[in-house]
Amino acid sequence: MGVEQKLGNMGVVTTTLENVINWSRTNAMWPMLFGLACCAIEMMSAQAAHYDMSRFGMELMRASPRQSDLMIVAGRVSKKMGPVLRRLYDQMPEPKWVIAMGDCASCGGVFNNYAIYQGVDEVVPVDVYVAGCPPRPEALIHGVLTLYEKVKGIKLAEKTVEEK
Amino acid sequence: MTDWTIWVEWVVKGFILCMILLTGFAYLTLYERRALARIQVRVGPNRAGPQGLLQPIADAVKLIFKEELTPGKVYKVVFLLAPVLTVVPSLVLAAVIPLGDKFMLFGREITLYVADLNVGVLYLMSIASIAVYGIVLAGWSSNNKYAMLGGIRSSAQMISYELSLGLCFVIAIILGNSMNLNEIVDAQRDMWFAVIQPAGALVFMVVTLAEVNRAPFDMPEAEQELTAGYHAEYSGMKFALFFMAEYQKMIVICMIAATLFFGGYREFWFLKDTFFSVDSVWTIGSWQFKAWFLGPIYMLLKVIVLLFFMIWIRATWPRIRYDRLMAFGWKVLLPLCLVLAFITAVGILLFDLLGNPMLIWGVPVLSMLCILVVVAFIYRDLRRKSHGRV
Amino acid sequence: MEKSLEPILKNLQDKFGATLEEFRGEAQCIVKAEQIVGALKTLRDAHHFELLSAQTAVDYFPQTAPRFHVIYQLTSISKNLSVQLRVPVSAGNPKVPTAANVYKTAVWRERELIDMFGIEFEGHPDPRRILMPEGTEGHPLRKDFPLGYEEPQFTFNFEEIDLRKPYAKE
Amino acid sequence: MAQLEEVTVDLYKHLVSERALTGETMLLNMGPQHPSTHGVLRLLLELDGEVVVNCIPDVGFLHTGIEKNMEAKTYQKAEVMTDRLDYMNTMGNNLAYVMAVEKLVDLDVPPRAQALRVILVELQRIASHLVWLGTSGLDLAAMSMFLYCFREREQILDIFELVSGQRMMTTYIRPGGVWRDVPVEFEKAVRDFIKIFPKRIDEYERLLTKNPLFIDRMVDIGYLSKETALSYGVTGPTLRASGVDWDLRKTRPYMGYEQYDFDVPVLTEGDTYARYLVRIEELRQTLRIVEQALNKLPMGPVRSDNRKYVPPPRSEIGLSMEALIHHFKLWTEGFLAPNASVYSAVESPRGELGVLLEGDGGPKPRRVHMRTPSFDNLAVLPELVKGHLVADLVAILASIDIVLGDIDR
C-alpha cells in the first residue's frame, strides 16, 4: 500500500507530507484502459476533444493494470467478466481507486437478471458511483472530481490503521 | 601531477548535466502532452500549477509514493536491474556532447562537456546500444509473454537499425574529418552538414526514431498489440525509470542530431560573424565578454524543434508493422545509407582534389535525388500492391 | 408471398414432407429433424440460398411435444428471397443433426443454442458453451430457468437489503 | 467471492495444433482486457514466433441476458433493452425491433415518422462508422484520428440529444412512429452537419487513405473470399468489400429507402483496405441519404393513430376519457400481439440486424431473438488471421468492426 507501508505512523511529518502526496495523486491519476460496454464509449468521449479529461492529467490511459491508479468500470459486469475484473483490480498497485460508471456498474441498471452482477461493488470495492445510462461525459468528470475530494481527505496514518 | 580542481569541475559538470536531463525529461513529457493535445484539438494538462507546469512534479511524486509490485514468478535480480540498465546509458550518453563553447571562469578554462573524447562518435554508438539490454532483460525477466515479445522485438529492431545509424555517423565523420564531436561542431561553422547532406540528416532522424523506440517504430511497447510491451509488469518508480530512459534518450538523440548535422551549439550558419555568433564579443559599457552563453540557448532551440518533429510524427503516423520495419531497415535504409556515404565521400574527395567549391553542391543534389528515387520506388510498390487504389 | 418462392416451397413439400405456414407474407416450413440437413443442402445448392441469416430456437414450455422449435432463417442473395424452416424438437430428446457442414455460421449459432437452450446438435465439431462461463448449471433461455430477479432497493427496505448485499472487500 | 479459474489447455485441446501441446508454439491469451479487442473479447492465440497459427475467439464476457429480459417485459417496455445491444447503433436497433413489432401487429407508420427514422438512423450510421474509423486508427497508432472522429460524432450526439433528450440510449423510435415530433432547431442542426462533414471526410482521407504506412498495414491483409463470407453469414460492409452487392436498404427497401438516390459501394478485393474504403464511401453515401430525406421531410403526424397499439398524445389525455383508458391500458398491461412469429431485418452499420419476434397472444413476447451481425462477422475471424502477424490481427479485427454488446447480447 504505497507510502503508508514505507512510512508507518510518523505524526507531524506525515501530515505535511500527505498534502503534497494527495495533491500529486489527484493531479496525476492515470486511469486504466478498461471499457466494458456502452459507458466505455462515453468514457472515450470524455477523453476526446470536446470534454478532454487530459486537463486533469488523465490522458495517460495505461493498458497495463500495474501502472494505473484508477479503474473506471464503464459498463455492465457479467458473471463471466467478474472474476477477470477482480484479478485486474488485484493486479493494480496501491493506492487504487474504483469508479463505478453508469447504472449497470453501480446497481445492475436495467438488467436485473441472471447474467449481470447487480453492481460492481459485489466484485471490487467502489469509491465513487456515477449515475446515468450512460452518464454524460460531464457526469463522469464530476465523478472524477468527487473522487479527488475524497483523495484529498485521505490521512496517511489513518488509512494504515483502518486497513489493519 | 593531478589538479584536484579538475575533479571538482567534472563532478559539478556531471551533476549539472544529470539535472538538465532529469528536468528535461520531466518537462518533455509535459511538452509532448501539450503538443499532442494541440494537434488533436484538445487542451492538455493545465490544472496542476499555472498552465499545468507542475504536472511533471505531480506525476513524479505520485509515482514515488506508489506501491511497487514485484510479481511472484519474475526473475528478481534481473527484474530489478533492468530499469537501471536502461536508464544509465541514456544519462551517460550525453557526456561527450558539447553544449556550448569554452569560456573562462575563476581564471580557468571551462568546457561545456563532461568528457572530450577523440572517438566521441564511437562512444555514442556503443553506449546507445547498451540500453537495449535493459529492455530485453526487462521483457525476459517479467515472466509475461507480452513483455517477452516486446523485448525480442526491441533487440531485433536495434540490430537492424544500428548499421544505418553507424553509416549516418560516418557521413558526419567524413564531412567533419574527425570523430571528435567538438571538431565536428567546429567544422560546421561555415555550413551545417544538414545543408550539405540533407538526405543524411533526414535518414538520421528516421533511424533515431527507431533507435529510441518512438512512433512509428515503437514496436517494443506497441500498446495496441502488446498492451504495454516490455514494461507491462513494472509499476511505480521502476516503470518511471523506463519512462525516464525513453524520454532522456529522445533528448540526447536530438542533441546528437543537432551536433552532427545542425551545427551543434553553433549559431545558424548565416549568422556567422554577426552579433549573434557564439564567437562574437559583446561590449556592454566598458565590459567586454565573449557570447559563449548563446551556445546552450541555440542548442536548446534546436533540440526543442527536433523534439517537436518527433512528437508531430507520433501524432500523425500509424505504426509500421514489425516485419516491414525490419525490411525497411535492411532493404531500404542500409543501401540508401551506403550510397549516401559514398556520395559524400566522393564529393569531398573531388572537392579536395579539384578545389572547386561548387563541386560540394553536387552532394546534396545527388543525395536528395537518391531519396526521391527511393520514395518513388516505395510508392510504385504500394500502388502495384494495392491494385491502383492508391 | 413472392411468386418465385412457390416452386421452391413445392419442392420442399414434395421432397421432405414439409408443412407450410404463412404469416404476413413470410413462408415458414416445418421440417422433421432428421430431414433438416437434406433440406438445407437442397435449398443451398439447388435454389441459391447462400446465407443462413439466423438460427435460433423457441421454447414452448409447458408444452412438451414439441417443446422447442429450432428456426433456420435462410436468405437467397442472388434471387432476393427468404424462407424460414422450423424443426420441432421434443423435450425428452432434444437432438437435431448439425447444420455446421452446410453453413459454417451454424457452428457458432448452434453453440449458442447448446448454451442457451440445451439442445444437442449431433456431429457438432465444437460443442462448448459460448456465452455463459464454463460450469454454469442450466440453460438460461429455457422458460423454466428463472430470470434471476433481485429485489430493488428503496428507502423503506434499504437497510434490510444492504445487510444481505455481498459487498466486496479490499 | 468471484475467483478466476486457471484456464487449462484441455478445454481448447481440439482447437489448437499438436505443436502447442508440446510447447513448440506459444499460446497467448489476448483479452478480455486488451486495448485493441474493442471491448471484452478474449482471443486465444497460438503463435509461432509472431505468426498466428490458430485463433480461438472466446465471447460472452458481456453476456447480458437481454433476450431473456425482453421476454419478461411488454412489447413497448422491452424496447429500452434494444438500445443496449449494439451501443454504437442505438437508433438502428430501435428501428429493427420496432419494425418487427409493427410487422407482428400490422401497424402503419406515417410518412413523416418514416422520414425522421431514416434521418436519425443514417446519422447513427455515420456516428458508428466514425467510432470505427477512430478506433481502428487508434489500433494502428494513428491516435489523432480518434480525436478528430469523436469531434464530429459529438455533433451527431447533440442532434440526438435535441430530439430525444439522451445522447446515446435514445429509444426515440417507438412502435407506430417516433416518440414526439422534432424541435424546430433540428433542421438547422442537421444542415450544419451536412455542410461541414464532407470536408471532414476529405481530411480523414488525407490523413490515412494515402499514407504509405497505412496502406502497407492494410493492403492484402485478411483476405476474405466471397464464398467464405457467405458461408459464415458475414453481412454488411465486410461482405460488400468481398464483392457481394447486398444491402438491405437497396434490395428490400423499408421505411421508404426506395425514394432516396444512393449508391452501395462494392469492392471485390476483400482485404482490410477494401473494407476500409467501403466504409469511407458509405460515410459519403449516407450523408446523401440524410440530405435527401431532410429535403423531402413531409409534414404530418409522427405517430400512428391506431389507439390499440399506440398511446394517445398527452394533450388528448386530459380531454378524452377514452384516451385516458387507452393510455392506462397500454402502459400497464401493454397490447396483445398474435400468436405468430415474424422475422424482419434492417441494414445496421455492421450488417443485417434481424429480429425474430414471436408473440404468444399475450402482452409479452414469447421469444425475441436478435440476429446480430457482429456475431457472424466475428466467427469468420479465425479464417482471416491465419498466417498473419499479431499486428495484422489488430488491423483485421478493427476492419470487421465488431461491437461486443452486439455479439454477447
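Worth pointing out:
All chains are identified by letter, namely A, B, C and D, in their written order; residue positions are counted from 1 within each chain.
The working rule: contacts are C-beta pairs under 8 Å (C-beta built on N, C-alpha and C of every residue); 3 or more make two chains touch, one makes a residue touch a chain.
Because the structure is a prediction, the values reported are computed rather than measured.
Note on connectivity: the fewest steps through touching chains from chain A to chain B is 1.
Chain centres were defined as the mean of their Cα atoms; on that basis the chain farthest from chain A turns out to be C. Compare each chain's C-alpha centroid with the centroid of every protein C-alpha atom shown, and the nearest one belongs to D. Counting C-beta pairs in contact across A-C and across B-D shows that the higher total falls to B-D.
One finds 41 Å separating the Cα centroids of chain A and chain C. Put simply, the C-alpha centre of chain B and that of chain D have 46 angstrom between them. Chain geometry summary: the mean Cα position of chain B and that of chain C are 61 Å apart. Between chain A and chain D the centroid-to-centroid distance comes to 30 Å (mean Cα coordinates, whole Å). Among the residues of chain A, those touching two or more other chains are numbered 48-49, 63, 79-80, 86, 112-115, 123. Each of residues 1, 5, 34-35, 60, 63, 65, 68-69, 147-148, 151, 408 in chain D touches at least two other chains. Annotation for chain C: residues 131-133, 140, 145, 147-148, 168-169 touch two or more other chains. Pairs of chains that satisfy the touch definition comprise A-B, A-C, A-D, B-D, C-D. The touching residues of chain B, counted against chain A in their complex, run 33, 37, 40-48, 52, 54-55, 57-63, 65-69, 223, 227-228, 231-236, 239. Note for the complex: chain D touches chain B at residues 26, 28, 34-36, 50, 137-144, 147-148, 151, 207-208, 210-217, 219-220, 269, 273, 277, 389-392, 394.
Chain D makes touch with chain C in their complex at residues 1, 5, 11, 14-15, 59-60, 63, 65, 67-69, 72, 103-104, 106, 228, 230-233, 235, 244, 246, 251-252, 340-343, 345, 352, 354, 356, 358, 366-367, 369, 371, 375-376, 379, 408-409. Those residues of chain A that touch chain B in the shared complex are 1-3, 5, 20-21, 23-25, 27-29, 48-49, 52, 54-57, 59-60, 62-64, 66-67, 69, 91, 93-95.
Touching chain D in their complex are the following residues of chain A: 33-38, 40-42, 44-45, 48-50, 63, 65, 75-76, 78-84, 86-88, 110-116, 123, 133-134, 136.
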